[in-house]
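In the two complexes below, chain A is the common chain; its partner is chain B in one and chain C in the other.
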Partner chain A sequence: MKFYIPPQLTRLSIAFAIFITLFLLLRKLLIPDTFGQYGHYRGDSLTDNALPVVHYAGQQACLECHQDIEDQKQADVHSRIKCETCHGPGQKHSESAEATNILKPDSREFCGNCHEKNAARRSEAVVQIIINEHNTGKKCIECHNPHQPWTMKE
Partner chain B sequence: MEPGYPHLTEILSHIQGYIFPNEIDLQWGILIVVYPFITGLVAGAFILASLERVFRVKILKPTYQLALLTALSFLLVATLPLISHLAQPLRAYEIMITPHGSSAMAIFGFVYLWYLMVVLLLEIWFDYRQSMVIWSQEKTGIMKWVYKIITLGLSDISPRTLEWDRKLGYFITVIGIPSAFILHGYVGFIFGSIKANPWWSTPLMPIIFLFSAMVSGIAMVMLIYMVVSYIRTKDLDINVLDAIGKYLFFVLILDFTIEGLDQIHRIYEAEESFETIKLLVEGKLYLTLFISQGLIGTLIPLGLLAFLQFYKGRIRLRKTLYFITGILILIGVYSMRWNVVIGGQLFSKSFSGFTSFKVGLIGLDGTLMAAFWLILPFGILAFLLWLLPPWKMVPEDY
Partner chain C sequence: MSQSPSAMDNERVKPSRRKFLKSAVTIAGAAIGYQWLKSGQYLLYGADPEDKNVPWYGIVIDIEKCIGCGSCAKSCKMENDVPKEPFFFRNWVEQYTVKNDGSVEITSPNGGIDGFKQTVPDEEIFKSFFVPKMCNHCYKSPCEQVCPVGATYLSPEGVVMVDDKYCIGCRYCVQACPYGCRFIHPERKVASKCTLCYHRLKKNLAPACMEVCPTGARMYGNLRDKNSEIVKFLKEHTTQVLRPNLNTGSKLYYNALGMEVK
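And now, the complex of A and B:
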């Protein structure tokens, strides 16, 4: 007896063969050229990621000019906070230093980002006050030197 | 905070306790909630269809094609929330065409294509082939050619070939059941395998996802069956509803039990993450977990379905109750996806803090986009029902 192949299977095999060929062709067209250059990703994405402009200069760049401030800071509780944490991104400032191209935050709200009373914050790690009650009407930096918070100004 | 990060300033004001910088902004938003919800509907609808085909539950016959077409409509949309979430239309599709065995995400291309091409399309094709051949002979003009093309030009409807349609269709359905389990088990695996996240990391996760998928898929097909009957002004068969309701009841009990088991296990083990998770479920997830998922989506439907197992009185009331149950279950399963996806990102890996999530309305990752992906399958289903109406099929005699 002749081996019987249902006609559906023949048609489907042809359809699947066409589909798989098309899929492979499309895949070849759609996958970027540099895919797999280094690993299972687009090689060009490394270049793309290198493109964004650098905003932060890094602690080392600050110390080239401001070692004196760093020495002050090391003597007090803000010693582990890096300059750009408060002063913001400093790449521009490190390229051409002007007083205007770096942040000098002095508002009560800014200090409150860390020091406003928050029950979920560990009080033994961060000193906390209630901004609306603590010496209202004055800026924090009128009494506290931000680089040396416990050395009170007159 | 300096200008340029206004949304972060907003979020920062809602942060509690200690949290690492990369945990402030949620990486997975509402579209990643929609994705497992849609995939679950596919798997659930397919499993309902296979009840009829493989396990010969004859009473479910009127929902068989409806369930298959529902599964297909939702499957066609399943990848789209992922791709639009990635927000890179020119390369987001790469995740689908460059599968890789070492990445749970990048293997979705394989899982998806297998399920779409080998299971769902083939089963529908074998099932509809005889009818499509007859339609292609009856229709004129462009529709004649449309049907000719989707029959792949094969017009053989001799008894021997039809017998093979049945055999092959049956074979595909048998393969389809484990495939549907794999499809949705896989979605659970994506979360369950993330060992760094104690809210997700449990080997029960694929099973939980699978059972909630079955619950949502069966509820969705039940609702679609009711709505389609209403639109066609045909009386819907209360016996069919009772049968679906019975399966829905059993699967919902299983789903509830397994999820409860997972939680009991978590509570009894009380690992170091437990304090945070306790705060999470009692705080930010309270509404979506206890009220929306637990009460509205599970306990009330369980009560209603249990009542409907015994109450065989007024048909109109039973229909209304089934309809309400279906809607509540869908709300519950959607909330479950929300609790997993969003809940798992709300607490810090330091176990000492929480971030918050506010879903946007517009934009590629917003509510409107999510609503669009949820509505689109119904449009596709309407088209498929017009192209391949189950009620105009050639009656089968087996």
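And now, the complex of A and C:
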């Protein structure tokens, strides 16, 4: 006896085959190429995340031109502080000296960010003053050289 | 007529059953005990070398050294183009003030960017300290587990990052992070978080917050390199991670962390 396949089953298998092909095709199109390269994520994303522009040049870049200031700094208590801590991001400036995006903060509040008296600051870690009582009306840098704080300007 | 209680017990529980119960409890106890001991690996999470050539980054923050200047939070915003306002942060600083009556006041005005003002008068303070917060770069991060599209992941270097192109901004990860380290970027509308300045690491530069920290309270390094500065620090100090009970595999180790810190 000849093997008989009912017509509805044939139609169903065709529909099923089309569905599976479509599914595989969509899957191929939608899943990014590098997905699963390292794990359950798009491998190229690592490269994407490495792309953003650097703004902080790093201490070495500053020292290429400003070794003199660094020598000053090394002689006093601000020796550990990096240039960009106060002067802000310097990548543009390090690429071309004309770029004047370097900050020169001189407000009492800025110095106060570290030196304002606060119970959470350990006295042996940082010298603290009460901003509203210490030589009011004058800028800190009128007496203190920020690169050499204990070398008074007067 | 009366029998001693022990004799009664002996009759009620058959010796064979007693033996079975005893061994069952012992085996169960041993199994639980083993699991408990096994999960007690808090230090150097996942640092067993899979590939010695790839670093496995960990972070140390020394609370004793932090003076709360907010340079880290400020520099992070500038380096990673996070708008200053609204006040979303990839890293920020909190001030904990324990008062004499035992209550704890936690302040973080603008994330510490503009410095701190002491809010409690000196005579009421028992102790006070700063706690810089940032992504813990967990080895078993909850945020990575909940992402429905695989857009957040742990890189081979142990840095948890977001795939901006495939993030759908559903905010699951923002809710999943027990440390509050994620937010939806107000302009790009995708999840955003600390990447340990991945773009800088790739250029052999220190992350911006570590670069500018004036007291060296922050440190990052390769946990796989047993001679690295960070491993040396971890050997010499008693460090602690935030919320160890959640078993997130945090790789941000705090030195001198107070028990008040949440």
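Note that in this section the second predicted complex is superposed on the first by the 117 of 154 C-alpha atoms of A that agree within 3 Å, B and C clash if a C-alpha of one lies under 4 Å from a C-alpha of the other, contacts with A are read in each partner's own complex, and residues count from 1 in each chain.
Methods note: contacts are C-beta pairs under 8 Å (C-beta built on N, C-alpha and C of every residue); 3 or more make two chains touch, one makes a residue touch a chain.
Treat the numbers as computed from the prediction; the structure is a model and nothing was measured.
By the touch criterion stated above, A:F19 is placed in contact with chain B alone, chain C being left untouched.
Taking chain B and chain C in turn and counting the residues of chain A each one touches, the greater count comes from C. When both complexes are overlaid on chain A, the residue A:R27 reaches chain B alone and has no touch with chain C. When the two complexes are overlaid on their common chain A, residue A:P6 makes contact with chain B while staying clear of chain C. Touch criterion met: A:N49 reaches chain C, while chain B stays clear of it.
In the superposition on chain A, A:G88 contacts both chain B and chain C. When the shared chain is aligned, no partner comes close enough to touch A:A99: not chain B, not chain C. When the two complexes are laid over each other on chain A, chain A has residues 32, 35, 40, 42, 88-89, 113, 118, 120-122 in contact with both chain B and chain C. Taken in their complex, chain B has these residues touching chain A: 1-2, 12, 16-18, 91, 93-94, 97-98, 100, 102-103, 106, 117, 122, 125-126, 129, 152-154, 156, 161, 164-165, 168, 352-353. Of all residues in chain A, only 32, 35, 38-42, 45-46, 48-56, 58-59, 80-82, 84-85, 88-89, 109, 112-114, 116-122, 125-126 touch chain C in the complex they form.
Remark: chain C residues 64-65, 67-71, 75, 78-81, 95-97, 114-118, 120, 122, 125, 127-130, 150-156, 161-166, 195, 198-200, 202-203, 205-206, 208, 211-216 touch chain A in the complex.
Residues of chain A that touch chain B in their complex: 6-9, 11-12, 14-16, 19, 26-27, 30-32, 35, 40, 42, 88-89, 103, 113, 118, 120-122.
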